[in-house]
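Take this structure, written in structure tokens, and hold onto it; I'll ask about it next.
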Amino acid sequence: MVRTAILTVSDRGAAGQREDTSVQEIRRLLQSGPFVEVDYQVVPDEQAMIRAKIRLWCDQDTVDLVLTTGGTGLAMRDRTPEATREVIEREVPGLAELMRAHGVASNPLAALSRGLVGVRRKTLVVNLPGSPAGARESLEAIVKVLPHAVDTILGEQRSASEAWHN
Amino acid sequence: MVRTAILTVSDRGAAGQREDTSVQEIRRLLQSGPFVEVDYQVVPDEQAMIRAKIRLWCDQDTVDLVLTTGGTGLAMRDRTPEATREVIEREVPGLAELMRAHGVASNPLAALSRGLVGVRRKTLVVNLPGSPAGARESLEAIVKVLPHAVDTILGEQRSASEAWHN
Amino acid sequence: MVRTAILTVSDRGAAGQREDTSVQEIRRLLQSGPFVEVDYQVVPDEQAMIRAKIRLWCDQDTVDLVLTTGGTGLAMRDRTPEATREVIEREVPGLAELMRAHGVASNPLAALSRGLVGVRRKTLVVNLPGSPAGARESLEAIVKVLPHAVDTILGEQRSASEAWHN
């Protein structure tokens, strides 16, 4: 099972002024695969708080996958990718590209998501957009690849590049 | 209206040895949307000059969008993306990806454009290729999204990720 | 002719425990264009060794193109992109995007290749995946553009952006 933690990044969500419908979309998609939700938190769009939460999860050895939702756009307070970049050790650009390419096919605004994907220690971190539709479409694009990605990070699988078509 | 400044980066252009046909293509496309040209300059392929000009425009609070053309290729003096990276605070990789994906569909050489997109303060900076066809095809791919992007940066719109499909 | 050096990055390959079938795929593809192989080495997945080898080739003025294969995935020892980033001076993201987009069309796992492309001095460096199929499909996506890219770096061609559709 892929131990998954979800971080909703939203000023209004953290203030209790917005129902978190994005996490519901994420949970629905996770049911299609070998994922188990081990934590869920809501933080405001504060770079230091986002960074601290991701880092804590990655360094605990209890979370294989961190999914963030929110803070990937162009508004002045959208800083989730910057927070993520500060803590990841290796970037996985292809997953971010795939999410955007999939989204753009139905809505050109998907190109404005600045979401980043990367690895810290043995945890994969994925930035999803904040809207329910954006989060769902982005996660749909990559959800089937995530278990393999996590297995590779954990060393339970030949590396992804070796497994490609073999 | 999106207050737009255009920067042509070209050694020959700055020396008066090349007619700037790329800016004409850019102007034609800008007429299709809510853009107003507020400045236009030509500089040689000097990283420090490109950087200084972009920074000045971004820090004046009079320009919402900077479009550069030229200096995105592989020639030794092509340094526009490097100059841009030095001044942007937040990268917008999806717009650069979209420009290249659109260009590659008609010409594989579009993959060689190293153009970067990012935000400094409240200004969006977009690197377009230097050829008239390259500048036109790249700008075509994103021109409809640019007003929304600028509105989001200015805070006049819900964030792009929230607006996605809502 | 494009003077090409191939670097296989593989712990098992360097230990003589794995036949290098990926290099055979690469060689077959190179026969379709103006490439001449000038060197071939195998190193383990050690970031410092990968970095040193790429840098040496780039700084010798005898190699126009470095193709690496291996070490682009998510396994803990996959560090080829990190080694490459340490030595390149200018990134060429469009070639990495094109390789992944091409690969994803036949296999979603291609999104997990973290391969980087960039230029150091007058040499182009391309990270290919380690599996024979991954290396072949990635190189197929860009092989026709590589001679033009190298010519542009060497100054024997108008810049790629100027040549686009002209």
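A few comments on the model shown:
As written, the chain order gives the labels A, B and C, with residue 1 at the start of each chain.
Heads up, the rule we're going with is that a residue touches a chain if its C-beta (ideal position, glycine included) is under 8 Å from a C-beta of that chain, and two chains touch if they have at least 3 such contacts.
Treat the numbers as computed from the prediction; the structure is a model and nothing was measured.
Chain contacts in this assembly form a complete graph, since each chain touches every other chain. Overlaying chain A onto chain C using CA atoms gives a rotation of 120 degrees, to the nearest 5.
Both chain B and chain C derive from one sequence, and where they touch, under half of the residue numbers involved are common to the two copies.
A separation of 29 Å divides the Cα centre of chain B from that of chain C.
Those residues of chain A in touch with two or more other chains are numbered 93, 97, 101. Residue ranges on chain C touching chain B, taken from their complex, read 90-95, 97-98, 101, 119, 122, 124, 142, 144-145, 148-149, 152-153, 155, 158-166.
Within the complex formed with chain A, the residues of chain C that make contact are 70-76, 78-79, 81-82, 93, 96-97, 100-101, 103-104, 107-114, 129-134, 137.
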